[in-house]
Amino acid sequence: MTASAYETCIQACSNCALVCEMCASACLREEDVKMMARCIQLDRDCADLCALAAVLMTRESPLAKEFCALCARVCRACGEECGKHDMDHCQACAKACLSCAEECERMAA
Amino acid sequence: MTASAYETCIQACSNCALVCEMCASACLREEDVKMMARCIQLDRDCADLCALAAVLMTRESPLAKEFCALCARVCRACGEECGKHDMDHCQACAKACLSCAEECERMAA
Amino acid sequence: MTASAYETCIQACSNCALVCEMCASACLREEDVKMMARCIQLDRDCADLCALAAVLMTRESPLAKEFCALCARVCRACGEECGKHDMDHCQACAKACLSCAEECERMAA
Amino acid sequence: MTASAYETCIQACSNCALVCEMCASACLREEDVKMMARCIQLDRDCADLCALAAVLMTRESPLAKEFCALCARVCRACGEECGKHDMDHCQACAKACLSCAEECERMAA
């Protein structure tokens, strides 16, 4: 599989990584930060895995598929947590995570 | 400055990071890898700095501007090296690097 | 300058990066997370810059010195913030940050 | 499992990540770079996965164990490739990779 075959998934991962970084930073500026602690923790892991998934696919690494399978799982967990919060940054993050999870699952299949 | 003010630069850095990863991998598959050694080395640094620049801007980090100034310099160096090679991946990388350098210089100003 | 000349600084950066990750995670588990918000934000930036500083020195990158100068500044900022909090993880992080700042300043000189 | 239970594995991953970066840079300075191309490619992936494995364990991430299982596999692949080359940097890298693979396998069990 070439990088171009991965293109949609690379874009989804690359986008999700930054949306998670933005969500974590916005959560830290919320009035009730404690309520957002789990969201921030998941955002950090999700951002880092999505960023590396995009890199591995771009490199056409033999690990890319399996990495995407793992990435899909953290995207699902992060998306579900973000989905519980009404703030725009959490709703946007939930959407990016679930869309990225679907792309990663398709690639890992 | 908000993340949205950084938007064009975030996209340029995020794109440049992946184009550099792709260029490094493609250089490693060339017949004459030795000729590409400096290009690969610069691609690695440029990819890593651009990726972190995008993250710092997304977080609205107080370091973002200064980081962009440093990032611009590695983009210029990498773009100039890539520009010396005729392969499509190097030419595409040169273009992404120089465009990213301009965005980073504008942000750092 | 060879990677071995950088050795002490590489170890300080590599250690500081992980201590900052640990501090951010521990801060998120504190009762009063809001009080730790600035600490967490600085920990994230400091962790990422220290990790990349260690990588650039290891690669003997021409950017390493200047990168260390920037890294020293985020280490100082993070160390000062962590130093305000009595928790063990913050005190340990303050110590790692200030020690890393000194190493980076020495390298950047 | 706490970060301290992970301590040996965190150190092995953190060390392996930097040894792989050093090996890749040294490979790029070899006379016959083409012979080292696969080694460089594996070094890049192994460095990035080991670095993230150390971070996830430090954060006590719920993903850490599974990530270590994947990390062990790239360490084995990289260690085997490096083991084929006589240069000191490749032999040192092979040793770091195999030792890291064992630690990761133990953690993933």
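Observations
By written order: A, B, C and D. Residues from 1 in each chain.
Throughout what follows, a contact is a pair of C-beta atoms (placed from the backbone, for glycine too) under 8 Å apart; a residue touches a chain by one contact, two chains touch by 3 or more.
Chain-to-protein mapping (UniProt): A, B, C, D = Cysteine-rich protein YhjQ.
Keep in mind the model is a prediction, meaning the values are calculated, not measured.
Counting the residue numbers that touch the partner chain, subunit A (Cysteine-rich protein YhjQ) and subunit C (Cysteine-rich protein YhjQ) have more than half of them in common. Work out the mean CA point of subunit C (Cysteine-rich protein YhjQ) and of subunit D (Cysteine-rich protein YhjQ), and you get 22 Å between them. Annotation for subunit D (Cysteine-rich protein YhjQ): residues 24-25, 41, 44, 55, 59 touch two or more other chains. The touch graph of the protein chains shown is complete. Interface residues of subunit D (Cysteine-rich protein YhjQ) facing subunit C (Cysteine-rich protein YhjQ) in the complex, by the touch rule stated above, are 3, 10, 14, 17-18, 21-22, 24-25, 47, 51, 54-55, 58-60. Looking at the complex, you find that subunit B (Cysteine-rich protein YhjQ) touches subunit C (Cysteine-rich protein YhjQ) at residues 41, 44-45, 48-49, 52, 55-56, 59, 61-63, 66-67, 70, 73-74, 77. Listing the residues of subunit B (Cysteine-rich protein YhjQ) that touch subunit D (Cysteine-rich protein YhjQ) in their complex gives 24-25, 28-29, 31-34, 36-37, 40-41, 44.
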